[in-house]
Structures are given as C-alpha cells and as structure tokens.
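Next come two complexes built around subunit A: one with subunit B, the other with subunit C.
And now, the complex of A and B:
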C-alpha cells in the first residue's frame, strides 16, 4: 500500500550516518521544526499534502538540511490544548515507517530516511504525509480534516520557525502557570522503593519529585509510555484539607503504595503529615524551634548548616520513607513553586538558606523578604540567626 | 545481538583487548554492525579506535536534572532518547558511546532508569555490543547494562592482577548478574609468566581463555597516539587475539 512498510515494530530503529539517503534537522542543522495547529472546519482542506522546496528525490544522497512540518487539523471536538499532544504523534507515527527515524520535537526535530527505503520507492515527502494523515485519522477519530505541508526551502523554514517559536512560548507559559487545581491527575513514583520500600513520591504541577528529575509533564509522559511502570497516575480526588492541602485519593494511593506505612500526605507542609523521602532528595527543609522558622540546605553544601548539623545528619531525619514532622526532603525546583510550603507560611517561615539555594529561589522570593533570610554568609549558628531575625524585625 | 563485557582493573590492558576484539570483528565479519561502549571513566576506548568524542552519557544524565539543560516543553524521556542518539559517534561499521565521568551526588534513579530503557532500544540495532567496563562494574551492578552473553575479565601477568580479576568475578557472583559465560584473559605476558601464574589463576575459579603477549608494537602505537585497531595483521597481539577469537567461535 505504501512504498515503505508501516507499523510499531519499526519504532526504535536507528539509521546511521552512512545509511541515510536524506537527513532533516538534527544537532548540526540550525533551522527545523514542526507545528500542529487546530483550525476551524472550514479552514482546513482535508488530505491536502504539499511539499514546498526540493523533495526527497530532488536531494543528493547524503543530504542534510532544514525541514518544517506544518500540520493543520480540524474537528468538532478538537481543542487548542490538544495541539502539543497531537504534535507528539508526529514523532510516534513517523517512527512507524520502516527506514525512517524521528527524534525530539518542536524546534529540535531530527529525521533520517534510509537509503534502502528510498530505493524501495519512498522518494517523496508526500508519501510520509499520506501515512501521517491515514494514521492520525484512523487512531484519532476526533480529527475530521487534516492537511500536511513539508517545507524544505531554507528561507521559508526560517520564517515559519520564528512564528512557531511564539506558539511554543505561549504553550510553555500556559504549562508554567498550571496549578494543582487545574488538573485532575497527579503522578506517583516508586522507583526508589528499592532503597526505601515504603516511600512514594507524589508529583504535581506545583511539586517536582524529590530527586529533581521528574516534573508533572514527565510523569504524564512516563505513564503514557508504560502505565504499569514505576511512575503511575494518581487521580487526585477531593481536597479534604484546605490548609495543609491533602487530597483523599492521594492519601488512598499513598496508603496502598507505602504498604500502610503512611496514610496521609500534606502536599505542602513540613510540619503536618509531611511528604516522605527515600533519602536522595536534592535539599532538606528543617525546623529550627529557636526562631520558629525553617532552614534549607542542599546536598552539595559542604560543612555544617546553621544548626551545626551538616546535610548528611539532617538527611537521616527525613529518610527511609518515614514521616518525621519538621523535616522535609525536596527537589530544588520546589523552591520556585507557587505552593512552596504554603501550609506553613511559605518563605515567610524560612529563616536560613544556603546561599546557593537562595539564589535558586530568588524569582519566587517576595522582594521584601529577600534581605531578611540569612545564609551562611550572614550567620554561623542559631544564636547569630536569632539576632539576625530580631534585627530584620521577624522575631 | 550479543553483548560482550570486558572488565578488569585499570592498566591491565582491558581497553587494548576491547579494541582487539572490535578490530577482529570489523575485519572478519564485515557484514555486522558494532556498538562499542566505553563505560570506564578512566579508559579511552575512543583513542584505541581512533575516534573523536565530544558528548558523553554522563552529561546527559546531569542534564535530565537541570531544568535549564532540557529544552522547554520537552519531557525527560524525549530528552534522553534524543541526546543519546546525538552522543553516538558514528564510524564506518562501528558506533561508539562514552559513559563519561561518574555522577555528582544526588539521586540518579530516574535518569539511570531512562538510560537503561533507551540503551535497550538502541542496542537492538546492533549485532554486537562491546562494553569496556570499569573495575567496580558499576553499570552492570546497577543493571544499566544487563544480560551479558560473554564477560571477559582481563588481568596483566602479575599476581596482583590475577587477584584483582578474582575480585571482579566475586562482584559478578555477589550481585547475581545475568552473565552467560565468564573467562579470564591474561595480557602483557612473556614466555614463562603464564605458567608461573597458573596456581593463582586456579584460585580465581575463572577459566583461562588465553593470553595476549606483551607486544612492543602496541606500546609504540600508544606512544605515537595511533589507534590499536590500525595494528597490522601480523602484530603479536593481533595474532594472539585470533586464537582467542577461534576459541570463542566469534
């Protein structure tokens, strides 16, 4: 039916440098990209496939150059929000084609077409367009109309990229602004249960994993790839504690996955039912009773923190999947979360941070507080910290 | 796909052995595709192969934890897949991946898990994957590299070398790795040495596969910065390797 075979068995196929007929994008080509736009039903000419610029058969063997893939879709039930998800399918479906690989996304795409597939007759991008339209409409019936344009003309690619970058940016702003209230699902991770068998990480749009590696989007992607894997979806359920931010279904899942060890998580508190840790968090929040505030120190901070305890000692108090009030392991990015320790007063409750962490938190620090949180450069012990807090008018 | 791991402490000729193996496969099995993995931060398999490397897996693992390194909107899964392919050095019939330095402190469970999944996908594209491991077998024990068909422990022709090979073998057994066959190779030997080491070798419990004699040409190539794979067919080390290859039915 097609010049090259099509099916999921071709995913993961690597096409090497001396095997490709044509290469588009990749690390050595500066202009490349792809964009899916949801349009009105009257605006999309169904099954229209265009190649603007030289096609596969016009390009010399071993050619490497720019490409932009412009997809327009329309459907009664299609929403603008789906654009990014649909764009991801371009990656999936192009990889279904025998002898073709597709990497990454947006302005970073990388495509190679194998000499053998080219010889078999895959000599026009139109054929790839045909395959894309067939797969999209077969797998996603919400798409009623779809058109694909492949642009290889360097100047046109450059112009399209400028426009596309604006769209990507708008999308990122939306994601950045995503709150726990906006989503129905959080994600859990139990990858570290080999070290701490009762620890569960709960990842929300406002709470990165403790290791700092998995954000909400990563969690969503991981569960799509492998729903039975170490990362899994947690439908959040109902907010049962407005102050400490606790959801009934999160608690339910945490109870199951921690084998009954932990029955309740406050998602944003170090003092009341804190989130557990396996021990490999990037930073630790610890309560300092003398100033009724928190200290925060990261793993790479050498020497003692303000209380005299180094990171390693403090870390011992928040490890092993056990809840210990007053101690909370965090990923460093959590410092920039709008819900950062919101149950305990947020940065208003922070008395001391290592200077590197204060730097990392700077965009999220209320300006009036910036000078009123001490670092190792200001104070060396709790007595000095108490004095610092008094001078700052915080005690 | 066959996965061959080469292990042994630093300086015993492990990387030279890996290069000899790759050279042999390249010359005698021109139809097959090879992936060489340099998993020893102290090794320089790329030099033995005459290849230039500028991207390492280590940098990618660090990148997955650095929000500034991952392009906006890109998930870590995608980042890992893309960067890993980008890091592969592509030569004629051989590709090379370099692990790079050990990770900074902190948790790399997730990046390593992503790496393991992506390496599994990548390696299915090759007929042979040859891994030059570090002495502690870290990547093997963490299951980043799994299911080894053939593990060759290399020792130089000293008692200490053989004892250290025995320790590598102990690690393999202790972490119950999925290894189908394990052999010992003694390198840099002179005429009488292997006989003298016989008793020590017996204690290791490892089967001696063969030896690679001390080859002045290898040293000379090293001094000149010439890759081991360019050694002539009649070089002492190359001839000795052919015998090992015959035994292994490569």
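And now, the complex of A and C:
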C-alpha cells in the first residue's frame, strides 16, 4: 500500500544519529514548524500534496535541515478552535510510519527518516503527505478537504515560521483566557466506565480530565468527530452553588450517567461533593486533618507520601467512581487552572506537594506561598509537616 | 459436617480479619466452582484427539473404547481422555505442591513459622491467588503452609476421582482438572513467596540484573557445579557455603532448568546454562565436575550421564533418589572419600551437608578432570561420524521433531558441521537418535563440534508485578488500548528454532503488548541476538508496561502473571477478591486481555499451569507438541452462544462476537501463533478505540506473516469506528463482501447471571 508500513505499532520508535537518512528540525536546526489551518470549502484543493524545495531523494545521506509542514483542511463542521487538536495528530500519524519519528510540536518539531525505510522506497515527502491525508480523512470524516505542503526551502521556512508564531500565540491566549463563564457547554467522558461503572468525568475550560489527556478543546473536537463516542457535550445549565461551583444540568447528566450513584458534583472542591475518579488520575489531592490542608502526590512518586500512605494506597480511596470527601483525583494541568480548588481555598489550603508537582504548578503558585508549601525534601511525616506549617506562619 | 467445615475454614483464613468481607467461595472444594466450569465448557467445548483409544488402567481391561464402545466400568472415550487430563494435571500440581511443601517446611525450620511476608514497598497485595481462592491474606510462612495444606487436602479427593468406577462424565473430569490447575496456581504462589521471603530474592524491583546464559558462559578453568531441576534449596545452600568459605569467585555454579533461574535470583554470579532441552547435551560435554539434581523435569539417566563424563553426582530430593544410597546421616568426610575414591553417587537430603560435599568434591575433582573438559573438535567429530552413510535414516525416524539428523551427521563425516549446527538449534536433547543409531554414533557429543558456544544475557527473574505498575496499566488494558498481556511459559520442546520465542516476544513487544516470560521459555527467549549482538532482555525495558519485556522467574513465578490479572480487577477496578474466584475470573475473561502461550508444552506441570489459567478466564495458545495433551477447548466461533449480561441494564445481550475465541488451541507455526495470540487478547469489554488498536495489531501482523486480510474480521469488528484507520478502505470493502452487521458494544459485560451462582450480578459493578 505504502512504501513503508504504517500503524500505531511504530509509535515510539527511536532513530539514532547514525541511522537516519534525512533529519528535519531538532535542536540544531533553528527554523522548523507545522501548522494546521481551517479554511473554507472553496479554498482547499483536496488531496493536493506539494514539496517546495529539495525532496528526500535530492538530499544527501545524513542531511539535517529545515522543514515546515503546512496543512489546510476544510469541512462544514470544522471550526477554528479545532486547529490545535488536528495539529497534534500530525505528530501521531507521522509516528505511525515505519522508520519515521516525529517529536514535539509547533515550532519545535524534529523528524528523522530511517535509512532502511528510505531504502524500502520512502524517498519522497509526497508519500508522507499521502499517508497523512489518508489517515486524517479516515479517522476524521469531518475533514472533507485536505492539502499538505512540505517546505524545505530555508528562506520560505523562515517566513512561514514568523507567521505561524503569531497563530500559536493567538491560540494560547484564547485558551488561557477561556473561563467556565465564557462557554455554554462542558464535555463529559465515560470512557473509563468499563472499569469504573459509576464514574463520569466533567471537562471544563478550567478543569482538564483527570487522566490529563482531554482538555476542553479536545472534548469539543471529539464530540464533533464522533458524536456517538465516549465523550459528549453537557450544556452546563445554571450555576446553583456559587461557592463550590455546581451546575444544575451538570448534576443531572452526572446522575444519569452514574446510574444514580452520584447526584451532585462540585467542580472545584475536594471536600464538598467532590468530582469522582476512575483510577486514571495523574495526581491525588488528599486532606490532612492535622494541618487542615491538602497534600498532592503524583502517580510517579515512589515511596510514602507525607501521611505515610503511598500513591497506591491513596488511589484506593480516590478511585472507583465513588465520591469520597477529602480525596480528589486530578490531571496535573489542573494545578495551573485559575479555579484550582477554589472552593477550598486553592493553594492557600495546600500544605504538601511532591517536589515534581510543585515545579509543575510553579506558574500558578502565589509567590508568597512558594516557600511555604512543603515537599518530600522538607518533611517526612505529618509531625514534621505541622512544624513546617507553624514555622511558615500557616498554622 | 458442612458446619464443621465452615468453622474450620473460618479459623484457617482468620475470617474475622477485616481486610475484605469473605466472599462466596472460601477454600472451594471439588464441586463449588463446578457451575462456573460448566458455563465455560458450554462455550468452549473440549476437543479430544486420543493418542490411544484403549484403557489399560485396571484388570477388567484392557478395554477398547473406539466408536461408541464403553469400558468394562462403563467409561466412554471422551471421559477417558478427560480422566487422563485430570491425571496429568494432578501430576503437575503435585510437583509444584510438593516443591512448595518442601521449600516452606525447610524455611520454617530455618526461620520459624512466624517469619513475616514482606514483598517490599511496591507490593501490598502479596498473594492475589491465595487471597482469591482461599480467602486468606497470608502474613507469615506459617500461612503459606496453610495454602499448601489446602492444596494437599483437595488433591486427595481429586486423585480418588481417577480410580476405576468413580467419575463418569467428561465435563466433571474437566471441572476437576480445572480444580487441579487452580490448586497448582495456589502452590506456585506459595512456593515463590516463600523463597522470596526466605532467601531475600529480589522483589519490588523491576530492573533486576542481567545474568549470563549459555553453556559458553561456564569458565572451564574453574571447578564447576551444575544444579539441575526446579527447587533451589540445595543450590542456595551451595552458594551460602561458597560465600562463607570465601570461595564464591573461585567456583562456577551453573543451573539447568528453573533452579538456574532461582539460584541467579539468589546469587548474581551464578550462571544459567540453559533450558530443559540442553540438559543431556551439556552433561555429555563433561564440563560439570559435580552434577546435582533436585526435582522436576530432570532427565532420569543423569547418574549414567555423570558417570560417563567422569563427574561426581549427588541427588538431593526425595522425589528423585535414582536407587542411590542415602548418605544423609553419614559424616561429610566419609561421603566425600567415597565420592572421590570410589566414584560413588549418593542421595543427600540435608541441604547444608550436601552443599559441603558438593563444593569440596568439585574443588578436588576439577584439577583431575581438565582433560575431560575438552570439547569435541571438528576433526574428532568427523571421525566420530565416520561410520554414518546417511542412508539408513533410523535417527530421522525416531526424532520427535522430525529433524533430518542423518543429513547432519553424514555431512559432519566430511567435516561440514553447518547442517548439524542448524539441527542443534531445534534439538530437544532427547537422544533418541543416538539410541537408534545402528553404528552407535554419539550424536549429542558430536554436536559439541557444531554447536554455538555463545553467551547470552538474560534478565534474572523479578517475582511479583508491582501494585503501582498495575495502577498504571490497569486502565489501558481494560480499555483495550494496551493490546494485551502475554505470558510465555512452559518448556523448550518446540519444533522451530530456539529463537522462535525471542521472535514472538519481540513482535508482540514492538506492537505494545506487555510481554512476560517464565521458566525455560524465559531462557529460550534469551538465546537469540540481533545484528548488534543484543538479546531481547538488553533491548526492552523490564517493566510491566506496554512494549516491555519482563522475566518473572522460574516455573513457580508463573503465579505472578495470573496474580497481575487478578490485581487489575482487585486493585485497579476495586472489586473484592477475598474468596471471590468467580468474580475475579469473570472480570479477567471479559475485561483483561491476557493470553498464555506454552510454546513448548513438555511437562505435566505445563499442562496444570495451562489448565488452571483457563479456569481463571485466560486463554492458552499451545505449540505444535501441545496436541499431544489430546485435549483443547475450542468454541464454535460465530455459531456459539456469546450471550452475556449487560451490567448496566441487567439484560441478557447476544454480543454475537466470539471473544475470546478459544480457551486452548494448538498452532503449528510461530507465524500462526503470533496472529492467534493477538486475537486471543480481544475482550468483550474493549472500548471501540481499544478494539481498533487490537485489530490494527491483528491485521498488520497477519499481513506481515501470513499475507492478505484475516478472513474472520467480521466476527470482531462491532462498529465502523473499530476499523483501524490505516486499513479502513480495504476492510470496509471486505466487510461489505462478508455481509458484516454491526454488533453491540457493552461497557459492563459479565457472564455472572447467565448460570446458577452465589455471586449476585451487583457484585460485578462497583
């Protein structure tokens, strides 16, 4: 079908320095990038694949240079907000190709093509374009038209990058500024009900799914692409609890989807009607009564947390689709949300975090608190934590 | 009677311990899981292929059972086959059970019955099988002895059922064989936990050391002790003796079969010589100064092999006495003198005494045996083969692997050892060719001139899968996005090259399966290197995660892979496992895409392991020699009953998809095995994205190794969303031609509720 085999089994392949035929981007190449743009149906020539500049077969073995991948898509259902979601698929699909690896995204891409795949006949970027169009349109029928251009000409890449950087910035500002109040719809996910039958995940612009894999835009894209799938839209309804942040329609959907197990969700509290969890959470917030504060520990934290319980024990209390006050499973990105545990006092209520998590949250931490939240480097148990909190003037 | 038994069980399992409520089947007896077994057998009917259609077990016979004939006792041929399966499974269970009993008794004697079980910070659910089957959370070595006592108690009833004029229905024999298999797993788990605790073997560590494997790894300049078998009590005592006498670096200790695994878990400097199939070859090579046997899968002519090689030989297990004089009560010096001066072989049941005799004998013998450690050269080999004309082909006719031995030997006569070298890689070492050779050519010795003497790296066995690993992979396994967990177990008597297993393991790992190996299979998988000279253990991360390869350890470590499947239901999904066999098995059958592969199913132990796995809901793929067990469990595919209860609606739903398709089947080639293993990991619970990933693996592997699209895709694609995007157009066209119809996708499928059971349907939903 294609010169090189294609499939998810090739994701994660690594191609070493002496193994690549051609390399694009990466740390030693200053100009590189990829951009997906949603256009009008009349503006995209379907299945057009262009290579501007030298192609794989024209480049010497071991060549390293610039590349820009410009993808244009059109479809009745497509909207501007989906561009970032679609762009991430470039990474996924290029990695499906045997002997091709793609790392990072946007202005930071790094692509290598293995000598063996080149020898097998993968000698033109046009073939990669063909694979991309086939996979995009097979997986996402909302894409009615798609064109791909590979630019290897250094001057052109440089110019395209300048424009693309503006687009990335605009996108970031839009999602960063997006609040729950600005949208009418949240998204739900019940993918994990196969092992946590009563769990429902609610995804808002300020609350990423607890597995960390689905943000509000992803949820939006998923419901468009696959309306029958595990993700679905939740018209949020009316805000019925201003403190704990609870919406009437969200509660109704949660009641239905949890088979009546849970009837009320606070979107930003670990203490009052907390959001349930399946078991996939990246981190767990747990209440420590001795300091009237929270600890937060991530999945990859080895050994016991400050209370003596390791992640695995805490996970038992937080998971299984059961509402358990004092335990909340979260995605790590939630640490950077403006509404992070806002009902419980936000970071003012956090007493202990594993150091890796503290680093991840640093942007969102009020500067005056940065030195006053303990990590495993500061304290080993609750007694030491109590002393730490007292010394910090927080108890 | 029942009341008395209930009270006894409560006391044994400390029912008042509140870690979980006691489920419906604590310490089940022969009939308590019978309904579950029959439910499985309704879908996966036994397929019998008798070797022998006579019954010769009692003096009423022998009875011809062909056609519709019955034996004098009334037994028919299906029941007779099932009876053999039960007998063979019991042999396997007894071997592991007795191993566990010996190990635990020995360790209790050394450390006391209150020695605590602590498997490290990463393993809290220490004994998922014992917890599930018995309802006991073992805390001490004494508790592990309770597990073995339970196995022993049940076995007496099972053995009794095989007597003439007892059980008379094949399905009940199969149910009892399942019981034997499940008990086998209890014994495996008890034995491995005991040795981990008692000997301080690695636990809660994934990155265990890489150890040397291969006959070439043995340093011939040093005194060499070779331990053969599966129970490392004496092997570990040898290591202790060497360490305490400052001799550890001066003596080579190598193992054949699972003792090799366990002794390298205990001492990283020990060597793994190879799997079962290399016992005879290696011992004939004469590199061992002292040969030590313990138990299970030890070739029974070791005393003669050792004698012929001029090596000393000590038997250390009451299961294998070889007619030797029991010297356990004699003075060490006296035994040693007889060993060295009279070349006497002894049975020594005291491990410490045996260790001293063995080490001292090796030190004395090694300088005198230098000449006997010289391998056959090509010139000598040509002379040994000189009488072969390559015409009688007696050797070919007796070879169980149908190898062209005569061609190899006759070419060796002319100094060309290439063919013989190839044969060696497929040889089981049974030596039937030597026996048949009219010219008495020592063919196995001849192979010394042809065999590769390369050294390989194998990761030493790591024991239990960690609870945190289960948390990480639980979700993707149940959703189906990790396409499966595969265990390669069993022996090394497969008909292909020795590198079949490495090939299969790597094909699956690169498709993001979690690959685990144990026993001789784990060794065989190490005996293959890539272009850069690396084995799979050097190339893949040793974690229980997608695309990783884990050696769990010896035969008894098989328990940890079944344990991992239980832990997914227990730790990850939060279902209670205490005395809850059906709940756990139902979860595994419907939701955990696990598959066992016994590519070289030589022993009765392998049969017991496989039969037990089926009761847990884990399908087994056997290699070609597996057909010699004469029984498979195969469904009628799309024509079978695939009805489940949808836990969400409590309604019966005909899923119309045969998953898992079969519970035990034979595949003839490694290529067919690959696609079959992938397919056996499909589960009814797969989400559409998960099934798409599994189907992608299936189709891509099928195209790669067989060619074209599989002809049964219509059975496994439930909605269009499940069609892998890479093959979408092609598959859609095929489905149209095949008249495919969409099928329901359920998120809570269960067969609880489709048969009579004490388990309420509500228990499956938590």
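As a working rule, the second predicted complex is superposed on the first by the 232 of 395 C-alpha atoms of A that agree within 3 Å, B and C clash if a C-alpha of one lies under 4 Å from a C-alpha of the other, contacts with A are read in each partner's own complex, and residues count from 1 in each chain.
Keep this in mind: contacts are C-beta pairs under 8 Å (C-beta built on N, C-alpha and C of every residue); 3 or more make two chains touch, one makes a residue touch a chain.
Every value quoted in this text rests on a predicted model; they were computed, and no experiment measured them.
**Q** Have a look at where A:221 lands relative to subunit B and subunit C in the superposition and call it first, second, both or neither.
**A** A:221 sits against subunit B, while subunit C stays out of touch.
**Q** I'd like to know which partner A:310 touches here: subunit B for first, subunit C for second, both or neither.
**A** Only subunit C; A:310 stays clear of subunit B.
**Q** Regarding the shared-chain residue A:238, is it in contact with subunit B (first), subunit C (second), both, or neither?
**A** Neither partner.
**Q** Go through the superposed model and pick first if A:212 touches only subunit B, second if only subunit C, both, or neither.
**A** The answer is first: A:212 touches subunit B but not subunit C.
**Q** I'd like to know which partner A:320 touches here: subunit B for first, subunit C for second, both or neither.
**A** second
**Q** Which partner does A:12 reach: the first (subunit B), the second (subunit C), both, or neither?
**A** Both partners, subunit B and subunit C.
**Q** So, A:230: does it touch subunit B (first), subunit C (second), both, or neither?
**A** A:230 sits against subunit B and subunit C alike.
**Q** With the touch criterion stated at the top, can you tell me which subunit A residues are shared between the subunit B interface and the subunit C interface?
**A** After superposing on chain A, subunit A residues 12, 191-192, 211, 230, 278, 280, 299 contact both subunit B and subunit C.
**Q** Which residues of subunit A touch subunit C once you look at their complex with the stated criterion?
**A** 1, 5-9, 11-12, 96, 134-135, 138-139, 190-198, 211, 226, 228-230, 259, 278-280, 299, 302-304, 310-313, 315-316, 319-321
**Q** Please output the residues of subunit B touching subunit A within their complex, sorted ascending.
**A** Spelled out, the residues of subunit B in touch with subunit A are 33, 64-65, 67, 71-78, 81-82, 85-86, 88, 90, 92, 95, 104-111, 113, 121-122, 124-125.
**Q** Please output the residues of subunit A touching subunit B within their complex, sorted ascending.
**A** Of all residues in subunit A, those touching subunit B are 12-14, 16-18, 26-27, 84, 91, 103-108, 110, 168-169, 171-172, 175, 189, 191-192, 209-214, 217-218, 220-222, 225, 230, 278, 280-282, 299-300, 333.
**Q** Show me the residue ranges of subunit C that touch subunit A in the complex, using the header's touch definition.
**A** 121, 124, 467-468, 471-472, 474-475, 478-479, 510-512, 547, 571-574, 591, 647-648, 685, 687-689, 693, 696-697, 700, 704, 721, 724-726, 728-730, 747-748, 765-766
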